[in-house]
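Please go over the structures that come below.
Next come two complexes built around chain A: one with chain B, the other with chain C.
On to the complex of A and B.
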């Protein structure tokens, strides 16, 4: 049913494009492909991406940055399934109106589709795929999310700069948690600090008191926490109950309103990073939040903001590549040359050699149940 | 190594073990009577905590009223579970069916089916995320005794386990319904021949066992600050392990083994890492089964 409805809207939009194209012959239409999950288990994220991308595109087309050219985004539902992702990648590659592609949501699907884009030489920009190997597929892969290789050392230097010399590391026992912990540890040791404990907990652990007792014995000056927000909030609550006074430094995975709701007063004092602060008073962020809320009835979260920036980075690259005269190769090169792009998730540049994004992270502290940015 | 932090680790282990014990009590009671594993016990545990949480968020009653509501929800859920997953397999009263292994395994699977359906429905309604719990109800208030840290929930769980265990022993040994539960557990057909209403006795067992499970779920949910649809799975598995180690039908044995499991997890974390805790717990299970095939406290003829 959903699929049918989808086809209809797609058909309608195609007809509409044809009509408008016919009406004004000199108005050229170029397209960006966007593959994302619109059904299945990650559909909620795909919806956010589509909302943000539509918002960014409408603003762009109204702005008149490319006179006589209308840019269009073709959305395709990958259902968070690698097979679907590959099919869409073939379809987009065969569609000559598409200059470049945004997506997919998770690393697995993004990497499967990436194999196709590497062969067909279409630039692919994922707003969220954070697997280290994603950008290593070929020179056509880009991402708009920091990896732990960047975030870990940054938090390490932050803690060290705040006078922390001895730290205990607690992280979830999975790929992500290990990379978060290792990157932090390397960064912290490089900064000259010592690590007292490295404790991994099994996913699904609800009782952190044994780990906290162990930390209590080795008496570090702070705790680094690489966890998702549900485990993180339980950890913070139990830390408060056990009477441990150490500050906690956490990854941006804890930047969730729900984390504060679950942890309550135990969240106060927590240091963490984020690329996007919804309460920010910076004019371009505030206006994005306002426009998003007015159109979709809810405040955007970090992932929606990353999709907004990814779309704008892509549109920017198309302009730089010559707009109406842009080719796939030119768009890729323009994308690779992206430097200091001012987005709602901070300023973004792509590293010349690795194509990894360099995004400034906002440093936050939870104060009185609110995320407040700190220096 | 053997300092105050080690004592603290023993306290942590005791409180983890008591949580498993709370779940194991109701679980073992039902197994003792029907000789069938009730896989839906973890979902009863979840229903208890959700019923309590809904009461808390709608009209914020005092904690003992919340416990009564969880108790009622558990009783109702236990009655419904028996009706849905267990009774249909007791239609056949002939001796062959009563002794049939196939029927027993079918019952095991039907309880598993009910457990999956209930959990999925809860996920559809509430989402699979953890629910927010009003801070005043969390059982995480720190209580410092010397250099040892306790939470008020730990004392409540400790008290609750003693009350549950004692109350259950009293019920089984001193009341008429307890007498018939023991009779049915010992020999269901014999009990039927001497005029005991086995149907009613089985329903009563489910209601009592599920009540205990639901209260455990509520208290543990508030103590861990974690109420979510899949919360019953891990304690359910650990309670099952404790029950098998304890000899399948000895409630006291299951409680002792639950405490051993909890202690093993905490001490393993202390000497190695938290990730090894589960491994050590299951190692205990394997060792027990090799050297005591009937469990540490099994072997006696009388069940329950």
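On to the complex of A and C.
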């Protein structure tokens, strides 16, 4: 009898061991690398990305789309510094559990890291890098943001359609600002308009009075502004103070609640585009906004939404590449084949030849301190 | 004999032991980190000649590093020059700029000189950023070829490590000979008391310009190495914060010491990478290391002169009524 009891215990323990062994063999962990600024001057954006990516990842792991596989995201802080970005790119490339990489935030770091990923053949998807040469580095670079080659002419035609014939262009002196200004100017001239001034301001400039004085003299009918929200709101305020009445057309980079808070009434009348509308009633967007707000105590903005979509596009590609059996090469191919992905920043496809994303833009105007969508 | 042993030990360490360990650890990652450390070692050693040995507080070293990087990037992408031409030529171009830009500041002393070099660094950065037709401005320059010699070796982590390590050894040798010689003593005399040095018959302005030229040469070479090993540069890599980083490396390692300069680069670039596992807190630890090193080791780890003495002398000159307020005739 005692023997039998022993046998039973033995059997039970063997069963248990087998079960756990089976479970751990089945429960494979694969990883995505995410390089982003979590300290330094762009840390506020990195935090948004990390929040959104964590949200997307937790949803995915709960959804059971890949049974027996746990996906993990390894975050590394690049401080928006090319030196660190390149180090991280090497680190991720060496880590065999990492199938593909998301990031970095700004184009300088994304471009420098991209040189590494091109060499080590790891797919890199940036949620925000808009440098015109970014996806030209190699076939391993992808981005989840419209380039200005698409957005610029769209805004130009919009302004021209509203009856604007003469426009002044103001943009930040960085890679993004330059391509924003150039693409707008080309689009506006093609539509038959004239450009009175083209003014670039160096990053960190907060005094736009000299630019505004110059613009005021040449009397354009509208101003195109290629800037981020901190600079943009200062520009709008100073424009109001200087008494310039022209309408301002801006890129989606100004779609940020803080912009209205900072600019106050000066923001009213501003025309801008966006790929993401936080007030949207579409169910998948509303549920993202609700989940984000419940977890992090604030509504997500465009950059956060882009990171959410980038993470989901990447997870989707890993599923398409075979989940547990996915390899780096398969994930890259699956990523390149992304078509009509229903994200919160619109439906995304990657162009077959150029790998550039195509995303629909919503036209907005600021009215009484609120973003209102217009035709 | 002792000298031969220590030199061969150093060579063996840099060329065999370190790459050997890095290969065993398995990786591209640590090779890359060591390459960056190598580039900044060259930069810090060169800045050390100006600030540590000659005693001129330079806050514009990143600008000269940028000139070298852009010279290399443009020469190799536009004209297809190989690295063995781009590196020395970039060094020479940077040295020429160094002399040109240093000339007007040579009569400035103390904090005024520091502020003038800060201005120089900013001028260079803003020029790189805004001269769009020539430097491509904020777009930066991409697809810069790596260090490669057709038929002999191709660009890889190992090649880049060796290219940087050998250049760093050459820089250490040249700068070491310059500082540990009669000439180096003359520079130290300028650091300790330039009027006294002049009264002893030393050409103070000449010595200052020469030290600027040598330092800028190596800063330019370091910039060239950065361009070749990274493949992409943009003005953002050469901001004022990089000058401060170089200065911090010198201070932690010890002013006036070449091994100290290398150690400073190892600590300030290696530590943040080493501390990656602790995530958000890593920069706090790096800051604490810097803070405590200045608190408890005012000479730095291996310094020959306390940094506070240099700073006090520099700042003291600013309000010392007897010394013509910032100018020296």
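Throughout what follows, the second predicted complex is superposed on the first by the 272 of 375 C-alpha atoms of A that agree within 3 Å, B and C clash if a C-alpha of one lies under 4 Å from a C-alpha of the other, contacts with A are read in each partner's own complex, and residues count from 1 in each chain.
Throughout what follows, contacts are C-beta pairs under 8 Å (C-beta built on N, C-alpha and C of every residue); 3 or more make two chains touch, one makes a residue touch a chain.
This one's a predicted model, so the numbers in the text were calculated from it and none came from an experiment.
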Practice item. Identify the partner contact of A:111: answer first if only chain B is touched, second if only chain C is, both if each is, neither if none is. Key: second
Check your understanding: Touching A:202, do we find chain B (first), chain C (second), both, or neither?
Key -> both
Review point. Of the two partner chains, chain B (first) and chain C (second), which one does A:192 touch, if any: first, second, both, or neither?
Key: neither
Check your understanding: If you stack the two complexes on chain A, which partner ends up touching A:173: first (chain B), second (chain C), both, or neither?
Key -> both
Practice item. Check whether A:258 is in contact with chain B, with chain C, with both or with neither, and answer first, second, both or neither. Key: first
Exercise for review: Determine, under the contact definition given at the top, whether A:216 touches first (chain B), second (chain C), both, or neither.
Suggested key: first
Check your understanding: Where does A:241 make contact in the superposed view: on chain B (first), on chain C (second), on both, or on neither?
Key -> first
Review point. Between chain B (first) and chain C (second), which does A:64 come into contact with in this model arrangement: first, second, both, or neither?
Key: neither
**Study point:** Intersection of the chain A residues that touch chain B with those that touch chain C
**Key:** 173, 200, 202
Exercise for review: Note which residues of chain A are touching chain C in the complex, please.
Suggested key: 38-39, 75-77, 79, 82-84, 86-87, 90-91, 93-94, 108, 111-112, 114-116, 120, 131-133, 137, 173-175, 177-178, 200, 202
Point to revise | Residues of chain C that touch chain A when the two form their complex | key: 26-29, 31-33, 36, 126, 129-130, 132, 137-140, 142-143, 157, 230-234, 236-237, 269, 272-273, 276, 279-280, 282-283
Practice item. Within their complex, state which residues of chain A touch chain B. Key: 173, 199-202, 204-207, 209-211, 213-214, 216-217, 230, 233-234, 237-238, 240-243, 258, 261-265
Revision key, fill the gap. Per the touch rule above, chain B residues touching chain A in the complex are 3, 5, 8-9, 12-13, 15-16, 129-130, 132-133, 135, 138, 140-142, 144, 149, 151, 224-226, 228, 233-234, 265-266, 269-270, 273-275, 277-278
